[in-house]
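The letters A, B, C and D name the chains in turn, as written, and every chain counts its residues from 1.
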Amino acid sequence: MCRLLAYKGRPLPVDDLLYRPDHSLVQQSHHANEVSEPLNGDGFGLGWYEPDITREPAVFASVTPAWNNRNLRYMAPKLVSPCILAHVRAATEGQVSEFNCHPFHHQNLLMAHNGSVRPFARIKRALVERLSDERFLWLKGQTDSEHLFALFLDRYLARRERDAEAMADALQAMFDELAALKAAHGVTQASGLNMVVTDGRALVAARHCDDPGVAPASLHHTEGSHYVCDAGGCRMAPAPHHEQAVLIASEPLTRESQHWRDVPARHFVLVDAHNRMSFRPIRMAGG
Amino acid sequence: MCRLLAYKGRPLPVDDLLYRPDHSLVQQSHHANEVSEPLNGDGFGLGWYEPDITREPAVFASVTPAWNNRNLRYMAPKLVSPCILAHVRAATEGQVSEFNCHPFHHQNLLMAHNGSVRPFARIKRALVERLSDERFLWLKGQTDSEHLFALFLDRYLARRERDAEAMADALQAMFDELAALKAAHGVTQASGLNMVVTDGRALVAARHCDDPGVAPASLHHTEGSHYVCDAGGCRMAPAPHHEQAVLIASEPLTRESQHWRDVPARHFVLVDAHNRMSFRPIRMAGG
Amino acid sequence: MCRLLAYKGRPLPVDDLLYRPDHSLVQQSHHANEVSEPLNGDGFGLGWYEPDITREPAVFASVTPAWNNRNLRYMAPKLVSPCILAHVRAATEGQVSEFNCHPFHHQNLLMAHNGSVRPFARIKRALVERLSDERFLWLKGQTDSEHLFALFLDRYLARRERDAEAMADALQAMFDELAALKAAHGVTQASGLNMVVTDGRALVAARHCDDPGVAPASLHHTEGSHYVCDAGGCRMAPAPHHEQAVLIASEPLTRESQHWRDVPARHFVLVDAHNRMSFRPIRMAGG
Amino acid sequence: MCRLLAYKGRPLPVDDLLYRPDHSLVQQSHHANEVSEPLNGDGFGLGWYEPDITREPAVFASVTPAWNNRNLRYMAPKLVSPCILAHVRAATEGQVSEFNCHPFHHQNLLMAHNGSVRPFARIKRALVERLSDERFLWLKGQTDSEHLFALFLDRYLARRERDAEAMADALQAMFDELAALKAAHGVTQASGLNMVVTDGRALVAARHCDDPGVAPASLHHTEGSHYVCDAGGCRMAPAPHHEQAVLIASEPLTRESQHWRDVPARHFVLVDAHNRMSFRPIRMAGG
C-alpha cells in the first residue's frame, strides 16, 4: 500500500507536509500506521504547481526511499506552492523505476494512486486497446496506476469542462470502464482505488474500493483557513476566514485527531479553484 | 548510436573486454571512434552466462555511465564467463531507465541492439498488437529495441530448433515483419539493425540497415583459438588450435587492426555451440 | 541497526543466503526480527571471493534498498563463492552513499559492521590523527564503521601473520584503542561492535558491546558439513563429514532454530582456512 | 575539467541557463568547447536561492549526467531564482558520489570549482589538520574542491563582514594557504582555481591558476539590465537600466560573442548585493 497526500491553499513549503508534521509523509514512508505493512520504501514522487510561472507542474521523483533522499531533504523547505501532491510507494504492480513513481503527469494534470488492480495482467491488454493512440504512446511505465490514469485522461480530455465536476465525471467513467474490463476478463478481486487528480486549480480525490463488501483504504481530510507549522507543531487553522485550505492524506499528518475526518467510503472529494470542498458518492458499476 | 560487443570462447573475466583493451567498451562509452557522436553515456548493461550453474544469464545494468560505475569496475575482474554480451547506450528511443538498458533478457536469451527505428511511434501500436499475450505482458520498457526483441521472441520460441540457424531465421522473420510494419505505416527512414542474440550456446549477430542505399553501422569480428590480455596487451591468439573463440564488436577493442575484419554489410554472423563462425546474407524485404 | 551475514564453505550461490531462506538477509532488510526497528533500507552491500581468479574480493553495493534492487536479484543466483559477506544498512552515522555501504574493502580484506559509536563526532578527529598516511588517504566515506576498519587495518597490516588469530588480535587492539579514544574524549555511551573481517581464507566475527552492562546485538552461528537450499528449504547439513561450513548472521536465516546458536556475548568467532570454528573472549578495556 | 555558471539578477527560471541557450550548461555537459575534453558527465549540481523564503539555498545534485536527468529537466522551468549556481562535473579528484558534486554548501553559502589541485594526496592531510573542528566534521566527500571550500569557510566565517570584499579576502587567504601547503610538501604542479562563492546576496568568482606561466581555464562574463530567453534566443539585455544582472560562465551560453568578455586572468569578479560588478587582481603567493 502506498501513502499519498494532496494540499491546496495558501502557498506552503513542501517541508510543512513532508517533514515537519509528527506523522509527515516521510514518516509514513517507513512507519505508516493505518495499513498492515508500515513500509513505503519503493521510491517516491512530488508534484507541485507554481501558478505564477506556468500552469504545468514540476515533478520530482526517485527510486530511493523518501526517508533518506538528500535532494528531497534539501529542497523541501524551498519549494513553495499552493497545490502539492506527494506519494510514497510500496511497489505492487510494476517494478521500481522512476517511470513507475507517482504522481504521474500529463500536461497540467497530476495523478497519484493508493491501491491496486490485481491481477492486472488479466486486463492490461484489453485496457491498452481501448486507449487512444495519443494515450498509448504517452504510457511510460508498467503500473496499473498509470494505465488507469491513461483511461481517465482519454475521458477527461474529451470533455470541454475543466473543473472538479468534470474530473469527478471522468474518474467515474474510468471506474465504470475498469468494472467492465474486470467483468469481461473474470477479475473478481477487489481493486483499491484511492486516488487524487489535480490540474493545480481543481482537485478531486476518491476513496474507493470497487467491492461493496470491502472497506476502502484510509483517506482523511482536514480543512480550514490555512495550514501552519510553527513551534507548536503543524495544524490547520480553523475557518471561517476569507481563505480556504484543504489537506487530504492517507493518514493524518498531525496528532490533533479532532482536526481530521474520514473521507466517506466510496465518495469523491471535490475541491474547486477557491479551495471549497464538497463530496459526491461514487456510483458502483451495475448498481 | 550505441556500442556493443559479444564474446564466446574460453571463460574470460569481463575486465578483459570492458576495461583492459586500449579501445575497450568502457573507453568506447566516452570516446567511440566509428560514429559521429563519440558519447554513449546513457547507461550500460552486461549479460553473462555461467554454464556450470544455470542456463539463464546474469544481467547487470545501470543508468549511470559505464565509465564511472564503481560496481562495474569492482566486479569486472571477478565475473568470468564463456559467453558475454555488453552494451553502452546513447539514448534514442526511450528515456534513461534500467528497463531501457541492453541487453534485454528473456529466460536464457539475451539481446542487444545498436541502431534505431524512427519514428518508432508510427509503428509501435501495430507492432504491439502483433505480439502474443505472453510477449505483450513481458515488455517492461520503452525502447524500439525491446519491442523488436519481443517480435523476435514470438517467432523464435514458436520454433522447435534452438541453434544459431534458428536464431538467424527468427531474426530474418522479425526484419521482414518490421519491413511490413514500416511499409504499412509509411515509415521510409532507414532503420539501423545491428544486433546480437544469444542463449549462451549459440550466438547470432546482424550487421544490417534496411535501406539498401545506406551503409549499416560498423560491426567487426575477430576469431582465433583464444583471446588473451597480458602485459603485451589484449589480442586474439591465432588459430588453429583445438579451441575456438569469437569476438564481435561495434569497434575493434585492440589496435592490431590486422586481427579485426568487418562483418559484411547486411549479413548475419552465426556462432555455433563450438564457437565456429559462419556468415549468411540478410534477405531484404521485397527483394 | 544493520543486519549482516558471513559464509564460508563449499561454493554457494549468493541467492541461497540473500533470497531463498525464509528469513533471508533480503527479508531482514525490511522485516528484521531481533531489533526494535525492523527496517534496514539504507542501501546494502555484498562482497565475495572467487579464489580461482584472484585473491581480491568483488564488491557490489547500492544505496537503494536490497529488497527492490533488480541487479542484486538477477545476479544472486549466478554469483557463486566459498566466502560471502553481505550487509543491509540502517543508516546511523554517515549519510546514504555507496561509500558508506558495507562491506568496506581494502586489498583482499572485507569488513562489515552492525552497531555504532556515538557520538562519533567526539572522537573522529583524534581517531583520524592516529591513522597512518596510507589509511588516512584510503578513507572514502563518513561512517564510524569505515574509520574503525581503518584503525584495524593499520594494526593488522603491521603484523606478519595472516590468519584468524592475527585478525582477532588486530580487532582486539582496535577495540582497545577505541576504548582509549572514548575515555580521552569523555564518550561514555555504549558502542555496538558486532563485526566481521575476512580475507577470503580466514574470517573473524565479533559479538561485542563495550559496556559490560549492555547486551551486544544478536549474532548467531550455525556450522556443519555444508549448507543447502532445496525444495525442503535451506539448512546446514549436519557434520561430521570431510567438509566444513560456517554461517554467521545477525538473525537466523532459517526457521530450524535448533541449528542456530548464539555467538557468546563479547566473544570472537574465529574461522580458519579449513572452515574450522573456535571462540575467544574479547578482553574489555581496563578489565 | 568541469563547467560552471553563476547568475545574479532578476528572478529567472533555471531553464533559461541550463537548457534554453544554444550552448547551455547542459549542452556543455556533453559538448564543452573551450577545453580539450568535451565531456562533463560525472554528475551535476544546482544551487539556488529563494530570498523570500529563507536565506539558505536549495541544492539539487545527482551522480547521473545532467543531459539525461529527468528530474532536472522537469524542474528547470519551475525553479525561479535571483541567484543561481550550477556545475557539471568531470571527475578528477574524488569518485562519483552526490557528496562530491558541486556546488558545496554551508549554511547560506554555496561554492563551485573548476580545476584541480594535483597530486591532492600530497597535501590533503596537512590541509585537514589546519581546519577547525567544525570544518573537519563538516567535510562529507573526497574532493580537493570541498577541502578548499572548508579552508575558505574557516577564514570567511572568522570575519565580521559579510560582503563580496570579505569573500574575496577569504578566497585570497585560502589561495595563500594553499600555496604554502604546496610549497611545504613539494607540490609544483599548477592548480586550476576557477571558482565561485556566493551567499545569495554577494558573489565572487575567481579565474585563477597559481602558476604564472600557465593560463587559467576559461571564464566569461556578461552583464546588462536583465537576461532574457524568448523566441529570438537567450541574451543579456543592454544596460543602462535601473536593473543590473550578471552572468559568469566557463563558456558563453549564447552565440552572440559580442556580449561576452573574458574574466581577466588571475582576477576576482566581485558582484555586490545590487548586482554591480567589479574586478580585483588575485595576489600570487610570494609575489
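Rule of thumb we're sticking to: a residue touches a chain if its C-beta (ideal position, glycine included) is under 8 Å from a C-beta of that chain, and two chains touch if they have at least 3 such contacts.
According to UniProt, the chain labels map to these proteins: A, B, C, D = Class II glutamine amidotransferase.
Bear in mind that the values here come from a model prediction, so they are computed numbers and not experimental data.
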Inset, instruction - Indicate the lowest number of steps between subunit A and subunit C, counting one step per move to a touching chain. - result: 1
Inset, instruction - Quick one: compare the interface residues of subunit A with those of subunit B and tell me same or different, with half as the dividing line. - result: same
Inset, instruction - If you tally contacting C-beta pairs, which comes out ahead, B-D or A-D? Let me know. - result: A-D
Legend entry - Computed distance of Cα centres, subunit D from subunit B, in Å: 42
Legend entry - For subunit D, residues contacting two or more additional chains: 70, 95, 98
Inset, instruction - Would you pull the subunit C residues touching subunit A in the complex into a rising list? - result: 30, 39, 41-42, 63-65, 67-68, 70, 91, 95-96
Inset, instruction - Please name which positions on subunit C make contact with subunit B in the complex. - result: 13, 48, 50, 53-54, 56-62, 70-71, 74-75, 77-80, 98
Inset, instruction - Over in the complex, which subunit B residues touch subunit A? Could you list them? - result: 95, 97-99, 121, 124-125, 128-129, 133, 136-137, 140, 142
